[in-house]
Amino acid sequence: MAVRVGVLGATGAVGQRLIQLLDPHPDFEIAALTASDSSAGKPYQEAAKWRADSAIPADVATMTVGATEPDAVPTDVDLLFSSLPSSIGAAVEPDFCEAGYVVSSNSSNARMAEDVPLVIPEVNADHLDLLEVQQDTRGWDGALIKNPNCSTITFVPTLAALAEYGLERVHVATLQAVSGAGYDGVTSMEIIDNAIPHIGSEEEKLETESKKLLGTFDGASLEHHEVEVGASCNRIPTIDGHLENVWLETTQSVTPDAAAEALEAYPGLDLHSSPDPLIHVFDDPSRPQPRLDRGLGNGMAVSVGGIRSSTFGLQYNCLAHNTVRGAAGASVLNGELLLENGYL
Amino acid sequence: MAVRVGVLGATGAVGQRLIQLLDPHPDFEIAALTASDSSAGKPYQEAAKWRADSAIPADVATMTVGATEPDAVPTDVDLLFSSLPSSIGAAVEPDFCEAGYVVSSNSSNARMAEDVPLVIPEVNADHLDLLEVQQDTRGWDGALIKNPNCSTITFVPTLAALAEYGLERVHVATLQAVSGAGYDGVTSMEIIDNAIPHIGSEEEKLETESKKLLGTFDGASLEHHEVEVGASCNRIPTIDGHLENVWLETTQSVTPDAAAEALEAYPGLDLHSSPDPLIHVFDDPSRPQPRLDRGLGNGMAVSVGGIRSSTFGLQYNCLAHNTVRGAAGASVLNGELLLENGYL
Amino acid sequence: MAVRVGVLGATGAVGQRLIQLLDPHPDFEIAALTASDSSAGKPYQEAAKWRADSAIPADVATMTVGATEPDAVPTDVDLLFSSLPSSIGAAVEPDFCEAGYVVSSNSSNARMAEDVPLVIPEVNADHLDLLEVQQDTRGWDGALIKNPNCSTITFVPTLAALAEYGLERVHVATLQAVSGAGYDGVTSMEIIDNAIPHIGSEEEKLETESKKLLGTFDGASLEHHEVEVGASCNRIPTIDGHLENVWLETTQSVTPDAAAEALEAYPGLDLHSSPDPLIHVFDDPSRPQPRLDRGLGNGMAVSVGGIRSSTFGLQYNCLAHNTVRGAAGASVLNGELLLENGYL
Amino acid sequence: MAVRVGVLGATGAVGQRLIQLLDPHPDFEIAALTASDSSAGKPYQEAAKWRADSAIPADVATMTVGATEPDAVPTDVDLLFSSLPSSIGAAVEPDFCEAGYVVSSNSSNARMAEDVPLVIPEVNADHLDLLEVQQDTRGWDGALIKNPNCSTITFVPTLAALAEYGLERVHVATLQAVSGAGYDGVTSMEIIDNAIPHIGSEEEKLETESKKLLGTFDGASLEHHEVEVGASCNRIPTIDGHLENVWLETTQSVTPDAAAEALEAYPGLDLHSSPDPLIHVFDDPSRPQPRLDRGLGNGMAVSVGGIRSSTFGLQYNCLAHNTVRGAAGASVLNGELLLENGYL
């Protein structure tokens, strides 16, 4: 029987992508949609300006949108996916958790909180049990789990696959798609025939979230990884797909061939949205490319190419779909992990 | 009186840009145009498919294109600007030098040759005297001078400005415009809504040319700088302007304010095409941007922004117009330097 | 049992799209691939530079490419899909027909020949029987059928749906995607931040092919429709999807509501690749849009919006995917029609 | 001595373009800047987010922005350029006129009012004297003059040049740049790899404004031209420059050669911003193109190409820079016309 789920912030860009992924999902059934007060009470198709490249699901179209507060969500809903703006997420997600809901959130608030698991299932599923600490500490019946930022998700699986060589220093330059800023985030006048070498707070997210994701959980507390990460973030005129250039310095030397082997061998999980293979490795040094490769594994795969020895160690490029693997799909996958591990 | 000059490879993209810059130039007068055999004998306007965003100069339009060989160039021409494909440049540039012509070349061949000065006038004008070694060694009456690759030119002036702090390690990721590949170099199917993390041989050029440019000439031979440079090159959907992310590790620590001051204070030269200031420094971390800032200093300035302390030292972004400062304008500026120093 | 088919010109952009569509097709099995002499004898994955956004099918990858001549195609192949350059198509397609092959061709040669059916199955399936005239006239065992140009296919179904009102005059302006010119057809320097108001011979194709498609076949000869069509064709920076503005003057007046009803009611066919509905009608006047709507009906639907009364009669916009409905998918659909009608 | 001028709505995109054009203008001196109440009292560089591709003029940067009301503008200012949103223009422009200011406005309000001259100086300078009727009717000391919409300005000069052949019917399809919607008007998610076949109210503007511009003023009232105009408007991914496809039916037949001659011969005016030639005619059918040709005549020229006989009469394409000739430059040119004719 499908778990009844809700979407907090259902009218936004990530909310729409969540609905695209949840509507056909075998394990989940959309039972609640919330949005801002101005949308509450309206049918979804009226509240949302649907802009996805597939038709709005018929049963979702006519659902009534509720306010974003615990009382407005049916009590038989077990799991909430949150794509709220971070300031609103910070204000209301704890209310939902206190009211007993399990929240799988894409919002950036609380990602670095000590007792909030920040999870990419294929990388650090064991961090999930931090939820027990969380429930003890906060006295919640519900729980809060986060997925990382879209550009963090893109390169961290490649680090995890190479961790056996001893991660020391990572330089990462990102070429990020406009969808990462939301539907209205980047105007056309800003980006056509242009690039912008700055995305507010983004570099800090890559540098801190990666260490938490790669950290060690001993059952009681989480120790962050000591790898040093330096990021430089750029916005470019692509619709979807974040491309990243990585330089990696390791304690043990690693040849490009050995790296390719480790990346290809890095396992996915037996969860509905986890792709097989998790990481595609290209021989062609001009791949991966956003338009050609963002769809791999239904948008949930990571792809890697241009693996080479460099002046400073290992060098390669990686790519993932920023609104699927990097946002909505990441939250859904965390939901699947919660289900698999008996948290629902 | 204006120096009579010629353009080798006048019908290509850089050739056309050279004509745009030379036609109104106060010191130079276009007296010869060469191209491939199939174009030789035709009026320029027929041989070239003129695609620049200004009209073809009237007097150039009707000039007869010659073959690319010394006999086809009038003997009263003193200086040749070369934008030949590198394989052709390698074959014929020495012939012109032997025949007594001074060649200022943008072609990539011979840039790393021991006795060929690779020059950005504001950075290493003193390397020009390597021409004396060259003429001795090769027995040429003429001479060959090179400007570096377009993506090398963009970041090397910033390193020169910060050299006093002791350059140790540089990571540089480039976001390069399509014009850098020539008019037909990148198809629209390859680049719309896309990015390509590979440009053949480009990374090696940034890594080796930069050390030569920053090297020391003692009057007899050139010692390359010991700085380690690692590059990662990407093509993005912009028309003109290469944007670069730089991480710089120095022996002495340097604050962002001190770096900004050093960059702004770095002097230009009193040559026609050398802009004042040479380096624009932006406070706004979202600048420089290709479309907004590539035109600074008539396309000959370098601009810098986002100067910040990073995990690994200093971090900043820089930009230059790749077909002006990075190609045709670079060759013209070297021509001005040759004139100023009595080589014509 | 699946019909064994071949692809003539299998390495090009339309050839690759044909392979994408034919590989999973329930009725067809790829049994032969041909290309130019320089590719003949090589495995397909080596001969073709595969650029599609899905992986090359494994069994196709290792097939040996043959020369484009009848002797090189196995005799048990019944149907050939041709995406040859038109000059080559003109030279060799008749040879294949003479040798007994049925050829469903996307190439522009012979489209207007009197005895060659030019077919969009949902519009003029009855023209198929022109093949009997063709076989009589030419003495062929095989047969040649054509689909129209990609921009013709986009608007003709809408005219067919409205034909009951009496088609008199049509003005059509096209905004065409770069893929219509083939992979290398439009350089990025030509089209980024730009548009080109000219596509060689394209306007003539829209003006003449549409009259043939809408014409009447009496069993012996084809009378072209008398509607006057004037076209203006533009290339714009989109990857896939031709958008067209139509002004239609009819003998009987037609309201926008009646037009919408006629368009929505216009039937598809019970063939594998014919979508249901054939024509999507949008209320939102800003639709259809290339990126959002080209994928409707797996790229085989036509979409229409902005239906309004204008100064000159009826006005609307329409869209179709130019390399699916407008090229490879059109040829495949014609293949399905041939199969259904006993021509294989 | 320069006329002291002000800019109403100085912080917006057209306001910034007005400042770029007025700062170096020989006849005008910027003496007042107004904006919304939230900006009033601030230095311009703080109130405006300057996004132009040239540096903010130093003296303008530090000017204090005033409120958009007559009392806030110095009385020695003679001429106001208005780029207000139309709803605000409708509310306050009459107040300025009543207070004695002459207003040259780009805002769309009141363009079709009987006693408001809608002027392209090279087309209908004689309509200027409608101001006398206006001042009589309204009792204003000041005056209000309008320039038309950016897409109207692009094709009307070509109609004026061909008017001698008897204008009957015009079909015009537009491919409009994103800057026409203002800096934030079109998001990148809407337009990358896409086109939008709808711009609110735009078609009506082309259809009505063109008849007024081509109308006859007898000294007392204005009779609109009887030409029928049908427009279809599209937004495409270009930064600047509106490209238009025109079909023109005339009472007397006109050959392409005769049309080209009439277009080339159509005179400009002896005003500072009026280019010579006014209309560029290209032989190359692929021109004009937005990126290559929008800068002709400093952005004030109109260019025409692809002149051909069509099914329905004459057919051609035309182009103009939408924010220079089509907006800010149009208002400035009207200001020059007012000065020349003694209205200041």
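By written order: A, B, C and D. Residues from 1 in each chain.
Assume a residue touches a chain if its C-beta (ideal position, glycine included) is under 8 Å from a C-beta of that chain, and two chains touch if they have at least 3 such contacts.
Since the structure is predicted, the reported quantities are computational estimates derived from the model, not experimental observations.
Trainee: Touching chain A and chain C alike: which chains?
Mentor: Under the touch definition, chain A and chain C have B, D as mutual neighbours.
Trainee: Could you tell me which chain lies farthest from chain D when each chain's centre is the average position of its Cα atoms?
Mentor: Looking at centroid distances, A is the chain farthest away.
Trainee: Have a look at B-C versus C-D and report the one with more C-beta pairs in contact.
Mentor: C-D
Trainee: Mind checking the centre-to-centre distance between chain B and chain C? Centres are C-alpha means, answer in whole Å.
Mentor: Roughly 47 Å, centre to centre.
Trainee: Compute the distance, rounded to whole Å, between the mean C-alpha positions of chain C and chain D.
Mentor: The answer is 42 Å.
Trainee: Please list all residues of chain A that touch 2 or more other chains.
Mentor: Residue numbers touching two or more other chains: 51, 192-193, 237-239, 291-292.
Trainee: Contact residues on chain A for chain B in the complex?
Mentor: Result: residues 169, 171, 173, 175, 192-198, 207, 228-230, 232, 234, 236-239, 243, 245, 247, 285-292, 305-306, 310-312, 315, 317 of chain A touch chain B.
Trainee: Give the list of chain A residues in touch with chain C in this complex.
Mentor: Contact set of chain A toward chain C: 51, 53-54, 192-193, 239, 291-293, 295.
Trainee: Going by the contact rule set out above, which residues of chain D touch chain A in the complex?
Mentor: 13, 51, 178-179, 183-193, 237-239
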